[in-house]
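Going in written order, the chains are labelled A, B, C, D, E and F, and every chain counts its residues from 1.
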Amino acid sequence: MFYKPDMMDAFADYDSAKYVIFGVPFDATSSFRPGSRWAPDAMRKASVNFETYNQHFDIDFEDLLIHDIGNLEPYSSVDETLEDLYHAVRPIVKDGKIPIMMGGEHSLTYPCVKACAEEAGEEIGFVVLDAHFDLREEYGGIRNNHACVSRHVRDDITDTYVTIGVRSGPKEEWVYAKENGIKYYTADDVRETGIKQVISEVKEYLGCKKIYLSLDMDAIDPAYAPGLGTPEPFGLTDIDVREVIRALAPISIGFDVMEIAPEYDNGISALLGTKLLREFIAAHAASEK
Amino acid sequence: MFYKPDMMDAFADYDSAKYVIFGVPFDATSSFRPGSRWAPDAMRKASVNFETYNQHFDIDFEDLLIHDIGNLEPYSSVDETLEDLYHAVRPIVKDGKIPIMMGGEHSLTYPCVKACAEEAGEEIGFVVLDAHFDLREEYGGIRNNHACVSRHVRDDITDTYVTIGVRSGPKEEWVYAKENGIKYYTADDVRETGIKQVISEVKEYLGCKKIYLSLDMDAIDPAYAPGLGTPEPFGLTDIDVREVIRALAPISIGFDVMEIAPEYDNGISALLGTKLLREFIAAHAASEK
Amino acid sequence: MFYKPDMMDAFADYDSAKYVIFGVPFDATSSFRPGSRWAPDAMRKASVNFETYNQHFDIDFEDLLIHDIGNLEPYSSVDETLEDLYHAVRPIVKDGKIPIMMGGEHSLTYPCVKACAEEAGEEIGFVVLDAHFDLREEYGGIRNNHACVSRHVRDDITDTYVTIGVRSGPKEEWVYAKENGIKYYTADDVRETGIKQVISEVKEYLGCKKIYLSLDMDAIDPAYAPGLGTPEPFGLTDIDVREVIRALAPISIGFDVMEIAPEYDNGISALLGTKLLREFIAAHAASEK
Amino acid sequence: MFYKPDMMDAFADYDSAKYVIFGVPFDATSSFRPGSRWAPDAMRKASVNFETYNQHFDIDFEDLLIHDIGNLEPYSSVDETLEDLYHAVRPIVKDGKIPIMMGGEHSLTYPCVKACAEEAGEEIGFVVLDAHFDLREEYGGIRNNHACVSRHVRDDITDTYVTIGVRSGPKEEWVYAKENGIKYYTADDVRETGIKQVISEVKEYLGCKKIYLSLDMDAIDPAYAPGLGTPEPFGLTDIDVREVIRALAPISIGFDVMEIAPEYDNGISALLGTKLLREFIAAHAASEK
Amino acid sequence: MFYKPDMMDAFADYDSAKYVIFGVPFDATSSFRPGSRWAPDAMRKASVNFETYNQHFDIDFEDLLIHDIGNLEPYSSVDETLEDLYHAVRPIVKDGKIPIMMGGEHSLTYPCVKACAEEAGEEIGFVVLDAHFDLREEYGGIRNNHACVSRHVRDDITDTYVTIGVRSGPKEEWVYAKENGIKYYTADDVRETGIKQVISEVKEYLGCKKIYLSLDMDAIDPAYAPGLGTPEPFGLTDIDVREVIRALAPISIGFDVMEIAPEYDNGISALLGTKLLREFIAAHAASEK
Amino acid sequence: MFYKPDMMDAFADYDSAKYVIFGVPFDATSSFRPGSRWAPDAMRKASVNFETYNQHFDIDFEDLLIHDIGNLEPYSSVDETLEDLYHAVRPIVKDGKIPIMMGGEHSLTYPCVKACAEEAGEEIGFVVLDAHFDLREEYGGIRNNHACVSRHVRDDITDTYVTIGVRSGPKEEWVYAKENGIKYYTADDVRETGIKQVISEVKEYLGCKKIYLSLDMDAIDPAYAPGLGTPEPFGLTDIDVREVIRALAPISIGFDVMEIAPEYDNGISALLGTKLLREFIAAHAASEK
């Protein structure tokens, strides 16, 4: 009769689970508005609002094997937290499960990509939805700053990197992206080209690689997601992002929803992030039917 | 010199009024976020923000006969509240007036439809803008739950039922809708088909019937209306909903705006709901000029 | 490495636990401001703020056997929820554990008292901290309304009833209290008499009975606890209430913290309620050392 | 069955009423945080939380003749608003009723005192609870600024002026108060002397005069009333203010509760102000039994 | 090492600056929700969120000469504030700089247009983005009300006036606009015609005139900017407004962002307003490269 | 005519100033609720609410030499931020000025004490108002965590350490405090002993030493200061803390107000912290008259 405040419909135990959801309540390098530490629990709370059934994919979450393993206990220090996170995610991947992280700040993506890439044993793609490049090498005196995550993944793990929704960065990042031939689509690009064309190009670029898909929620316009650490006007629509997730979930071996700062709205960012997390699972599960 | 905190421009007394506005501050079966009890007064407060003149219809509210009869005193129990509400609305309809309800939760719509249908003396249509089917027979141990309102209207009052904006429900509801040939347009349908085409099809389906028009505000995307009981991403635009109201108000004999939960934003949901309520009156009045 | 968002320091499993904490996210009969449904999770979140050690009692929670069993899944209907709650609490008591409830509305106290009283097998006392008498027989058309809980406990379960902090009620309740010789201390009484004298009188009145102790947080002044369903000015201080809990926990066989509505402040009511819950456990554990 | 969002228990019509409540949603000269324009409706909403019965005075509001005449329509300009307010209050007083204003900013007190004083036909006293002297002759280029109200009442209407709770002002005001022999009690004075002694001295000072009693809510400590235009730490307790109202209501011919800014808390300032307004009525009514 | 809470990237001193930013924390004639007094500081705070580089124009703010001169100390009275503001802006314009105001309410635009027009020495155009006509001659007893600003600019300073986004006004304003041949585009016009066509028509209408560009943020839909004094549904998109600013900044000799009321959201309106202010500077600077 | 959003009444330039105020918007090691980074600007905003005159000390801030030097640009890393802060404060002290810091988290106190102690050239005392001991050697993997500040000051800088208001800590801290003969007063001690007696004992303990006075705002009860990082019930009153500041300011050579998290209330914590900061200056200045 009693239930735990887990993500809704995460009825499976760890061993039988295909999808393993976890939260990392960590935001120590936040540059503007901290508070993404509250996102994992806010997303679990938001999940109560949603039905188990996804009509688009004709998928019922009651038929899926989802486990919510809880939150990682973070350190105050980002380096130790990332280290710990790596060691926590590595076995999940090794066990053949899809890790789904609820951030927390974007820096946490790095160890998850690393764990997935190692398990894959071949180059994977890294697809990021983000308003920012996150291509700095260091920021605020910290290498593992949230503003550097894509740089380090690209430098250390994989070249096959695409970012969608980008619209903010110092000149150096734009130059770096150009000079290094990085594949990116600004939010304006998406408005002009259409998300379907963008997705088609991204898929072609990725070839047959598996990917890690990372959603920094600030990719989305603040009208849809105002409760964020670094909200950036003129963003993607909620539908654009849903399309990307629907298209790329089937080739994803890891996923995350990052940077929601629930203190800065009355729940709609956590609701949207949770809905998109569930869309990821549905899209992935449908592709395996 | 003194004025009462009524809906703005509700200058008529009851007897002379054509449009009778009332609130029902009741939300006892709310499944996610309660608080629609505060909506009627929030909408009256919001109405202060708007001009008396509607330029689209060249209608000035100062020329209309609108009465704000106040709020219904609710019970804690939904059944007794609905019973009372029926007895409160029936005479309004009998007096040849258009009842306009500010919810409160969606369950309150049932007695209003019933009162209108009885007065009509012939089958009326029931058009609902909603993210949810509300087609359950019972929910949480309560038959008159907000999640069941369309089912009971359809079972008890009229088959001529259309719902627009739907995008959430357990599998059973989708199956039920299909099996019973229910006419529905998802929010995705509207995005693809265009609201004008949808309206045209709805009008054809309704034939020459009069209708009761019910706006569950969660039909609208949370970007426009975040302050709701059960916000559901990927919804209709504000403009879509305005188009439906403009098109259907002339054939409506009752209207309501439901499920606004004002504690969950800083006023914009109540502002939009109130604006749409006023658009209903203007559209209806313009059709009778 | 992962942890669940349980009440902090609830490290024991059910079988070994002495104290069993649970939440009941139910507020359907709320008469003024709903939202106590969010209190259990808000209290778990608040618990992160506190140290494991209680210096007053020299008790470390790490040495205690506490289990957080999760939340009860409520119905929309109060009667069915109370029925279910009774069946959920009865085995906890039967297993020799102390049930500690996080409300939810005050009506939920009834089945907990009942379960405790049945197990005790002899008359227990019922001590309530509350701004309100809750002595109505029925309210808003519902017998099991939060405004009636003390009446039903007194009528059905035990005469040995004291209430502290009361300062609001219809004339009938004051008359009823007088005529039935009910032992009550208003908040003004406490201010004049001093809480230590009040506690001493209460203890004498209770004799050697075991009690169920219920804390409706509105007993406390809104300065200390503004996030409540029915805040009532001129209340008890936080220290007064702590004194009562310290004094009566040792003779308590059940306890609850009710009526926190976390949407109506920024966390301090949940923090105070959680602190008092922990004070109860520490005081009880200290008395058994 | 329908009711208007009036102050609770204001069941009398104007003609039969003894107490006439009205709001003035005006805050145009606010120097720090505007928003007291929202207070009258917030107080009506808060009044729903309270019982009709006041146990201290054994007074039931259902037995009293109270009328809520609504809100005064304000101008943008303070001078015209005050002029209008005077003309609105004058007839209320002439009709032998007690005017009870819900501000709005403190400047609005002037025309109310004037209307009461004229009707009294003899010198009345002016007792103000306020953190501020409000003794400036002009502020921000406006004579009728909220920061000047006591000065103008004193200059134009009555010398018999006492202020309690004062703790903030430019040096000139403190000097002016000293040089003009103004009777004032700082919040520290009240803490040291005790409110009972202060009240006794005030009563002696007033002699047998009737008074106008004005409560600028910032007299009270922000712990009890954080939602204010100019909150000032180290204030009076809620109980202190209740004592003053209980003691002086019987000799009052007008009363107001001013400067609540409801956007700056979650309801507790409006709840306390409304409770104190009701305490005023109960105390006054009890004295006439 | 220390920095002042100025607008980010405003590194120039006054003498060398090309762009002079200032705030006017004044909102005394606000008709619905006051609080635009807090906007200048909220915009400075928001500016921390943005990068120095604008990729669309390839402009780095570190290369521009921007000065933040602080806030104007307002009076309580609108007339004196406007007088003062005129005398504060006139020298800025005389010194050949572009004044950029952060309101405060829209009435403040008048003295800025006047100062710019006088310096220009020839007729300038006045382009306003606004949900409202602001064409009243007087409102609430005050000539310089925010609801009158465009009327007075048109009457006193220039006939060359265009307004975009308008969708609210009393009938008299619509008639006045028609009868006086005022060039306006409603938000619906923009939706139907497309913003690029509108801009092209506006540019043709303006001929070779220099303009003052005024952005009343309520031109934008409340989904993008909910924190406003008078939010009006069915507005322009953020992208529409960005297009207008990009197109007209090069011919602007003054600019302002008005009517943000930061208490009514969690930062996104101030973020968007600040982003648009920066887009204005980038667009202007790019045109002079 | 323009002014900068500095702390009110900070009219002096750096060279002539006696009191130098600065903010450090840093909160990266926050263990519960981050957000003290917003406190310095919130305190500047709050300062607008207060008069220049302090009647208790007959001190007018217009007669004092106060400079607001702005905010320190923090790193993401605590170690580098503390290093930088030390180098920023050292010259202020060297110039014979009193540094007054607005935190930011409590860890920032360490470099300020160090800078002051070095300048003093003899042992200074360290008096802390805090709910927590902050005596850990390390926390969350970070030595310079806010929870360790007093330990490091005591270990590295001075043994003459007193803490008032303490009521929370792991058992190890209480034991450590006992074993090391640390002088502390719990909030309960203060309630029982009276703040005047406590102050007298503290002064005796300090002897003739100069001190650094640090106010972690969580020393104060959450009723007075709810907007904090780690609010702890059962705290000191606002008056208690004012008494300590009044008594110890005259012997202080540095002061700070730390840990306000303004997102967690509607301004009253920043108002109280700012008021206490101003009380410090007034008390210090009065002692030098």
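In the analysis below, contacts are C-beta pairs under 8 Å (C-beta built on N, C-alpha and C of every residue); 3 or more make two chains touch, one makes a residue touch a chain.
All of these numbers come straight from a predicted model, not from anything done at the bench.
Trainee: If over half the contact pairs have to be identical by residue number, which pair among B-E, A-C or C-D is the repeat of E-F?
Mentor: It is A-C that repeats the E-F interface.
Trainee: Whole-Å distance, subunit B centre to subunit D centre, using C-alpha means?
Mentor: 41
Trainee: Just give me the whole-number Å value for how far the CA centre of subunit B lies from that of subunit F.
Mentor: Once rounded, the distance between the two centres reads 55 Å.
Trainee: Could you work out how far the Cα centre of subunit D sits from that of subunit F, in whole Å?
Mentor: Comparing mean C-alpha positions, subunit F is 37 Å from subunit D.
Trainee: Which residue numbers or ranges of subunit C touch two or more of the other chains?
Mentor: Subunit C, residues with two or more chain partners: 221, 223, 263, 265.
Trainee: Return all touching chain pairs.
Mentor: A-B, A-C, A-E, A-F, B-C, B-D, B-E, C-D, C-F, D-E, D-F, E-F
Trainee: Would you pull the subunit E residues touching subunit D in the complex into a rising list?
Mentor: Residue list for subunit E touching subunit D: 27-31, 34-35, 37, 74-77, 80, 139-142, 145, 263.
Trainee: Which of the residues in subunit B come into contact with subunit E in the complex?
Mentor: Touch residues, subunit B against subunit E: 48-53, 55-56, 60, 223-224, 238-239, 242, 265-268, 271-272, 275-276.
Trainee: Mind listing the subunit F positions that touch subunit E in their complex?
Mentor: Where subunit F meets subunit E, its residues are 1-6, 22, 41, 44-45, 69-73, 84, 87-88.
Trainee: Inside the complex, what are the residues of subunit C that reach subunit D?
Mentor: 32-33, 167-171, 174, 186, 188, 191, 221-223, 226-227, 230-234, 263-265
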